[in-house]
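The following pair of complexes shares a single chain, subunit A, combined with subunit B in the former and subunit C in the latter.
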Partner chain A sequence: MKRGLVEKAAMAVLGIMAGMGVLVLVLILAEVFLRGGGALDAGFFLEESRDFGAAGGVRYQITGTLLLMVGAAALGLPLALAGALFQTEYLKSPGLKRGLRLLIYSLNGVPTILFGLLGYLFFGIYLGAGVSWLTGVLILAIMILPTIQVSVQEAIEALPENYREAGGALGLSRWQEIRSIVLPHSFFGIVTGTLLGLARAAGETAAILFTATAFSGARFPASFGDPVPTLQTHILVLAQEAVNPRAIEAAWGAGCVLLILVFSLIAASLFFRSRLSMEFDR
Partner chain B sequence: MTHAIEIVNARVAYNGKPVLDAFSTRIREHSVVAVIGPSGTGKSTLLRTLSRMNDRVPGFRVAGTVRIGGEDIYAKGVDVCRLRRKVGMIFQTPCMFPKSIFENVIFGLKHQDPGRRKEFPDLAEKALRRASLWNEVKDRMHKPAPNLSLGQQQRLAIARTLAVEPDILLLDEPTSSLDPQSALAIEALILALKKDHTLLVVTHQLAQARRVSDETIFMEAGRLVEAGPTETMFSHPVHPATRAYLEGARDA
Partner chain C sequence: MLFKPRSIAVFFRILVTALALTATGLIVLFFLFLVKESVPVFQAEGARFLTGGDWWVGESYGAGPMIFGSAVVTLLALAMVLPFALAGAVVASEFLSPRLRWAMKSLMELFAGVPGIIYGLLGVGVLAPAVKDFFGLIDGNTLLTAALLLGLMVFPTILTLADDALHAVPGKYRDQAQGLGLSRLETVRAVVLPQARAGLLGAVFLGLGRAMGETIAVMLVIGGRDQVPSPWYNLFAPGQSIPSKLGREAAEAVGAGLHWNALLGLGLVLFLMVLGVTVAGQLFLNKGRAT
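Here is the complex of A and B:
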């Protein structure tokens, strides 16, 4: 009797708390789309921004954001893959494995502004890359490296040992095993990790704000040394400085575009993650 | 006469704890040797030692001499991949790659001899015939291998190993996850393969050891207790531990 009551109360509390989390998310989404949805038309995606954001669209902000994301993933993925394979396939010492793992997990928790500061000091000033999309790509690549590596490594470690043994017993070398057993079997994990990394890079503002982006005067970069406009910078600057209501609406619109981008990446990664777990249920 | 396998005073330890100790034996070519004994006695370790499958396990140490075809396999500079093609290993549960039957048969071959790609279909057929599986799968070579029955998968695992042309086959409880019918098919296969290979079979089924093997090794606690012709050992075990094990297992 009393137990049943406690049980019900616990369920109710958990239900309310879970509901609140979802509610907050829904409210944020509703707010952003109510305020910015009106700005979203074909021109918003295709035209460049004019009149301090009050006219035109966010074409180059989108290409700039995409450029930074794709560049960061293109650079981060090979590094993350190499790091994960080195730890799972070649490294033998369990102590060293634990240490490296701890390091990767901690890197995941470092505030992004630190990545931005140190990255800018090293790439922008020491190596002379300046405020440019190249600096941004390098900073973002390092920033999302742990995100990708943790996901890839977990996928590789989930591969049952008997697959490797079956390969080894047939006389496959370590590299042959990696190429024809480990990589194909962790393919979905690699995709998931990359998408999560991309989503993280897409949502990142602090680390690239003063190191890679410009609000005005930048379009599609002509060289590695040019900064790019991004959705994040666009939103921030307009939110702080714009007075024209059209420009404010454009900022919310840019927010919608960014949200759509991040959500589709996360949805895709969830899809691939479910494919991954199916792979091993067979 | 060189022996297919010769082990002299081997000691295999895991993190300093011995799993095999003072282990010596010789195995003739073209014979089937059954390895019997209680669980956790080091039978699997013995097999894995012969193809260096424990190399990647941290903390494993092998001392003493292990020769395969007269060659010390733990000497410096031994090509482990070549060794493992010469000494094939079949596990308790067959592990099929999520690919077609054909791709599974040529899996080892493909990496060993990529230049012979044109011959792969013929070599695959030959290996499947030798594993008595060809007639059952010849019409569905490009269907997924994991859809086969467990007994067929085990024969496919044997075919896959035969395709890389090993001299020695190590079978670690090859029938313990199979139904009786499939188990008998594997036993018949073991007898047929003796003509060209030397086979070492770990088994918990004494009747099976008696049916397939020429010689039997009885192990206990990491040591070889008794070895000799199978019929002699089963009818007149010399060592009291062997006698106790054979009788106990028969009652069980």
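Here is the complex of A and C:
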């Protein structure tokens, strides 16, 4: 009798603690929509920012964020795909495989500000790309490389062995096997990884802050050498310096836009991943 | 046919290898760069760079307060969030229906992706004023505020990873324990938690690594003072962490001079701290999966 009571009490404590953690997070994120939702109208998306963010919208901030994010994924995806195929299909030594794997996983943990510092040193100064969206794209591409590669690699490694055996029995070469078995069947993994990479690039601030973005004076870049305004820098500058309540509302509005963008990308990735697991359950 | 299938296969193999090696080479080059560029500050300051308490640009570079700030803020964040995240993981893995568990995991994955700048905005707009009013401080930007914010940020990451670790414990152990007459909760305590220990440690370490490297959110609420507070356990004082220092000063120091080398030296210290924690975490996670 007493044992059942203790069990119930302990369960209640566990449930309350878990619920509290989730609830606090939900409430605090809802705050972004409560404070910024009012700023979202058609003009906010279509007009450019004026008066230190107090008037107009965030049109060029949105295009800037999208440019950096898409550029980074376009560059990161081939590299990640090659990395994953190299490790799963071509590399034979298990020691080297483990080493490369550990390298990719540790790269995933490297603080993003370090990508900014080193990427700027390498691409911005040594290669002469300066503070530009090109530098930002290069930095972000390396930053999201492990995100994409891990996802692709896990999908390839989850490929049932009999698929490959069927390919081997047909006398397929490695390349034919990759083209007609490995890539088609890891398609959802590739999509999932790319979406997660896009989401990571879209939310990144520290790595592009002083390497690729400008708060004012920048619009749509005319060349690779121009910096872009982004939602992230816009929010950062306004959060630190704005005093005008309209500008502060604009910061929350920009936060809403960014959060919606990132949430949709992650939600899409979750959808595609459930497709992936269904594929193998069949 | 212009190209034989054989030559396409060879070309593809070379392409894949070249791209993979380029990426790997670039990563290795990055790390070598970090070491090379931070050498001058270690030559100029010696061990004082790690222990010194004064950071005056142009005069002396002591990283002590930043290392202290990083350690205090991340450990405190972890200590505050761990009970809640672990409770969440136990509930999700052991007591929720598969459908509910999936919903909770998806929600956590969504939250784990919330950009640092959003937390930064919430920190400036909500948390710092709340800390200020609640504790009656003059300024809400303190080490405690930064730790609270970081705790919120890593909650979903730790919960998901810990849930994975618990879920990896095979069901037959639970069946056996319950067959011996243990209740569901006793099963968790006596069987599941010990079995999942490696995976849980992995989750904690990876969360710690993530918290250590967070720049923007911490930078906005930590107060930005390069001093160890006195007394050192005064969490209501402003401070500085390594990433927040880098985020504040990188733009002005970029590219040249000892100031830049000093920042990269800080970066190296941060990198080694995070690398140690992350690699340890990954090894624990792999070990947890293997059993």
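Just so it is clear, the second predicted complex is superposed on the first by the 269 of 282 C-alpha atoms of A that agree within 3 Å, B and C clash if a C-alpha of one lies under 4 Å from a C-alpha of the other, contacts with A are read in each partner's own complex, and residues count from 1 in each chain.
As a working rule, a residue touches a chain if its C-beta (ideal position, glycine included) is under 8 Å from a C-beta of that chain, and two chains touch if they have at least 3 such contacts.
Just so it is clear, the model here is predicted, and its values are computed rather than measured.
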item: Combined model on subunit A where subunit B meets subunit C, clash or fit; value: fit
item: If touched residues of subunit A are counted for subunit B and for subunit C, the larger one; value: C
item: Which superposed partner A:A9 touches (first subunit B, second subunit C, both, neither); value: neither
item: Which of subunit B and subunit C A:E31 touches, first, second, both or neither; value: second
item: Which of subunit B and subunit C A:A74 touches, first, second, both or neither; value: neither
item: Partner chain in contact with A:L127 - subunit B first, subunit C second, else both or neither; value: neither
item: Touching partner for A:L46 - first (subunit B), second (subunit C), both, neither; value: neither
item: Touched partner set for A:Q176, first subunit B, second subunit C, both or neither; value: both
item: First (subunit B), second (subunit C), both or neither touched by A:A166; value: first
item: Vertex subunit A, arms to subunit B and subunit C (CA centres, degrees, nearest 10); value: 100
item: Smallest separation of CA atoms, subunit C relative to subunit B, angstrom; value: 9
item: Subunit B/subunit C common contact set on subunit A; value: 173, 176
item: In the complex with subunit B, residue positions of subunit A that touch it; value: 92-94, 160, 162-163, 165-173, 176, 180-181, 185, 279, 282
item: Complex contact set, residues of subunit B against subunit A; value: 51, 53, 56, 58, 81-85, 88-89, 91, 93, 95, 97-98, 107-108, 111-112, 146, 157, 160-161, 164
item: Touch list for subunit C against partner subunit A, complex; value: 5-6, 8-9, 12-13, 15-24, 26-27, 29-30, 33-34, 37, 81, 83-85, 87-88, 90-92, 95, 104, 106-107, 109-111, 113-118, 120-122, 124-126, 152, 155-156, 159, 183-186, 206, 209-210, 212-216, 220, 243, 246-247, 250-251, 254-255, 263-264, 267, 270-271, 274-275, 277-279, 281-282
item: Residue numbers on subunit A that touch subunit C, as the complex places them; value: 3-4, 7, 10-11, 13-15, 17-18, 20-22, 24-25, 28-29, 31-32, 35, 78-80, 82-83, 85-87, 89-90, 100, 102-103, 105-122, 125, 142, 145, 173-176, 178, 196, 199-200, 202-206, 209-210, 232, 235-236, 239-240, 248, 251-252, 255, 258-259, 262-263, 265-267, 270
